[in-house]
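The two complexes that follow have chain A in common; it is paired with chain B in the first and with chain C in the second.
And now, the complex of A and B:
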């Protein structure tokens, strides 16, 4: 088991460096740089000497491999440089927005899992019946509704028309004068619409994914055996089937965790939820190399961690995986 | 109980909180490093420039209560307002002005937006005259020099001279403006409060709260929901909602022009566009009247050259290029382009008339514009390919002169100087003459306009330049799109400044006020929000 984890870790480190090199090469291969973007967006009279100074400050006048080494030597010390947009440290800019994105996405993830997984299990036990069929159609419909449209409808109905929930932002202007519980309630009220927007499609994913995983297991011989030896239906489902359906679900978990920190441009923009998605989007548009690289590294680390976690969980859930490794 | 004057809508009442929308968070609160209009809109409350612009774009006193320009145009002597103080209570000194100018021209400070206007600054001869007078020297007399002082938002040396000038003042501010910074929460909001010790005529509003709302639809909903008091709106919202009776009761819809225009750039390095008859012909295939009516519902206007009708340099006698495809074809024939093989495509020396036009990806109106032109050109035998490019890529290609034609726009300077865009010494990478236009007559007028200190002579020079440029068509000037704004009816005193719109001219936003009984944003809680440092 230890050898297995060590090997996985080693792969992760190599993959990580690969990701930084590729990202670095890609962002520089995209035409335009922070300077051209600056001139383009700021009209006719820009000072050339000042722009040259910026070019120099960000080492944009050095050859690419040298630029990469500059960046790497900072990155290993967790110094990702300063944004070309506002000159604030990249770590600070990311740190400011990460909790917001994580909070929103984590709550959405929990709710989606709490609704989606049971819904999936329910469908698996009733596979093929009319009610299950129509629920499948419903989930597909849900999955295909565009988020920006749903968000605007929610806003129109709940905020503008009926004034039940706040329109945008993370807290009310008067939150400062509230007591702690009031403040918490105020924040929860602000969370509702963005969470709903993020959740409805995820519920569909969870439900369909867990349904198909479980259906797959239920068809297998050992379930028939379990039924044949007289085990009750709930025992069959929970003790035998569900445990075996966990493996594909672990894969899903590995895919979902990175999205907890990468954020959503649409939801963050519409609800003015100051998060990572928007930061990523703006940085790419402005060719803010340090911020783009910093965000990529953060996302890459979480993705690698998630897949490492998934690998380990596989091994825990299915002894054949770790035995297979150990037996070599 | 005390007797009070009856409240009405005509006498401004002090106090109240205005909530403004910021379309994008400010980059920095350091006014020397300001890069965007948003930075400037916030800075305008916190700092005072040397001179303000009035409603008609003329310079009026601000920090400087009066000024003299030497006969040779090289020495500007400013006398500062003797009452002027910074928000930390210290007096504004002539040395603070010099400190600010030094920071502006230091390339290491990267004040890319402002430094260009002070390229000729002669620091060695700039000096403090007495405790409220400063003499600013220049190596060369430039007619546009005075208005550049509108960008000199003076910072106190004893504060900004310590620490890292570039990074320590992004969320801090000490200025001589009417408001002081209460807090800035990056990405979310900025709260300003009227200084009780402000030295000039006091604005009416007690607090100004800027809320960052990037999404236009959210902002429009927020205005209707009374979360904010003003926002820019799209042509679409203007058309759909500005006449709805229930909205007209609570919202003022305003429309005005600012300093910008759209144009087609024809790269003269490309043999296709070297002939001015060809450029004129292509421009004559743009159906401006129908674009203005159908695409912008009449809320745009046609341009005849590089000056907008709000600028004094504008020459009303110069005609807008007419929509005339038949005349265009004749001009192309004159230039040697014929459909000699009956293929429907014009040719010269065996080569078909074919080119690419770059337009911004994501800009729906740009694409529609290009497609309309493409259709018209096809009818007279010219093949135009529309290529959509992402902004950064478009900027890179166009600024390097690496394109055939492009549909873009300029945000203009309040001074009509055309040196960086049309002088033959401003070819890329030195300047922004991205069309490689070169005409000795134009060069001479541009140089003369820069140097002429007599305003009435300057008007004549630019009116003549307007004619020359309209004749040569280095760009095909198309339209100026009006800006649309929605302001809550609770807010009174809103006026429109020529070329500037609602903000950053004087008094502009400082004249806004909210009647006592309509102050819905006034809550004691504004003083502190959780998780913020003061």
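And now, the complex of A and C:
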């Protein structure tokens, strides 16, 4: 057990360095003077000696590996430098947007799990029957819907045509004058369309994953054994199959979180939700390299932690993993 | 079923047993054909008698009618003609990006599965690293920072989505590398490269085609998202996503601009997903 967790932690550290190397290499493969990386496009009006001074200050006259080490030593302390837009520390800017994205993603994750998991488990027990088949097709279609199109259709129907929900934003302009419950309701109304847009594809992921997990379990010998010893079908499902099918679901953590963060870029941009997805998109358009770099590393780290957590939970729940038998 | 029936024929007949999958396949072929001959059918003298880029300000933002079957956009360009040409962009990007990820993924997966040991360890770590990045963050970053163009998009998509293929090929190689035919090749003195590419790869390729089908679907979806966000192919070129990004400004009345390009993306992506899903079942001997 300990050996497994130690190995997994070691891999996570290696992966962390890999993440920083890949991000750093990508940014430095971008054509153009790396000086814009630190001071933005205002750099064009700076005099030559001043540029040299900045170059020296940021170690840009050092060889690339050395530059990487300087940047890394900051990154491990979560110091990603200052934004080239407003000169504020990148961490501060990420920090103030993070709660908004977390709120959106957490609700979407919860709803997707609450609908997707039972739907997937249900369809595994009805495998091959007409209703199950059409539900499988339905989930496939759900998964194939482009998020931005769904967003546009929802906006067109609920906001423009019927004026039921706000078009975008996180609160109404008059929110400041509202009482507390009114303001809460207003916020919930603003949440609905972005959450729906973010959720529907995740429902399909949850459903498909839980279906194949349970199907996999039902095929195994111990289920046949349970049936052979005379256990009723519902006892086989509830007592034997479900519990074992839930274990692999923890790996979904490492799968769904990056997909939610990816979706945040589209959803937050369309609905003008003030989170990190929109911050990332705006920073890319403004070529605010320190923010782009910081956000890329930060989100990759979140995924890394999620999959690390998932692996450890998996090992705790399933002895075959930690004893190395299934550790392919 | 006769024992002499080849694996391919067996898979094909199982595939065709699903009417939905067969319909999806036919649909994809039709869309591909239309895309291939787009310049022939959608020009001033074609079946769809409008140039995709010909502006006509007298007829801007018109709903579908007998002349413009799917309506016109903000510059009076014919929507149907633009969508037919847009199919070229979407499919070209989807297929090329998938081909790139197939080549990169197969190569790395084959190395990892064949040699094992340190090579396998390195490839597995690389996969783990790539999977940590939120897919769209990475693609958006690469495309925007290296200037959006057809090739940047295809390479960005290809270089970020090869991990699935690599894992499939690696798994297959682990399974078949000690089989008799592989040992026979080794015993006859074949070099590693020959064993990998001539003997093992053809036997490992089937499950990868499944992930390739999903890959095309994902690439088309991502390309349209990039174009929608304004980071797709350069402006005059029509793409399904870029038409939708125009639609966003006229969302209050121009329903046709929102509906039709979105339907095109959705149906094509769904068709590729259905094909991949059915293909996977057809390959799985346990499924029936």
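Keep in mind that, in the parts below, the second predicted complex is superposed on the first by the 274 of 328 C-alpha atoms of A that agree within 3 Å, B and C clash if a C-alpha of one lies under 4 Å from a C-alpha of the other, contacts with A are read in each partner's own complex, and residues count from 1 in each chain.
Methods note: a residue touches a chain if its C-beta (ideal position, glycine included) is under 8 Å from a C-beta of that chain, and two chains touch if they have at least 3 such contacts.
Please read these numbers as outputs of a predicted model, since none were measured by experiment.
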Using the touch definition from the top, say if A:47 reaches chain B (first), chain C (second), both or neither.
first
Output check: A:278 vs chain B and chain C. Expected answer is one of first, second, both, neither. What do you get?
first
Pick one for A:82: touches chain B only (first), chain C only (second), both, or neither.
first
Determine, under the contact definition given at the top, whether A:97 touches first (chain B), second (chain C), both, or neither.
first
Using the superposition on chain A described above, determine whether A:295 touches chain B (first), chain C (second), both, or neither.
second
Have a look at where A:286 lands relative to chain B and chain C in the superposition and call it first, second, both or neither.
first
Give one of first, second, both or neither to describe whether A:156 is in contact with chain B, with chain C, with both, or with none.
both
Tell me which partner A:269 touches in the superposition: chain B (first), chain C (second), both or neither.
both
After the superposition on A, what does A:138 contact: first (chain B), second (chain C), both or neither?
neither
Footprint overlap on chain A, comparing chain B with chain C:
30-31, 152, 155-156, 160, 269-270, 285, 287
Please name which positions on chain A make contact with chain C in the complex.
11, 14-15, 18-19, 22, 26-27, 29-31, 137, 140-141, 143-149, 152-153, 155-156, 160, 219, 254, 258-259, 261-263, 265-266, 269-270, 280-281, 284-285, 287, 292, 295-296, 299-301, 303-304, 307, 328
Would you tell me which residues of chain A are touching chain B in their complex?
30-33, 36-54, 57, 82, 85-88, 96-97, 152, 155-156, 159-160, 163, 167-171, 173-178, 183, 269-272, 274, 278, 285-287
In their shared complex, chain A is touched by residues of chain B numbered 19, 27-28, 35-36, 107-117, 119, 166-167, 170, 186-188, 209, 211-215, 217-218, 221-222, 224-225, 227, 390-400, 410-413, 420-421, 430, 432, 521, 523-530
Complex contact set, residues of chain C against chain A:
20, 125-126, 128-138, 140-142, 144-146, 174, 217, 221, 224-225, 228-229, 231, 241, 244, 247-248, 251-252, 255, 258-259, 262, 265-266, 269-270, 273-274, 277, 286
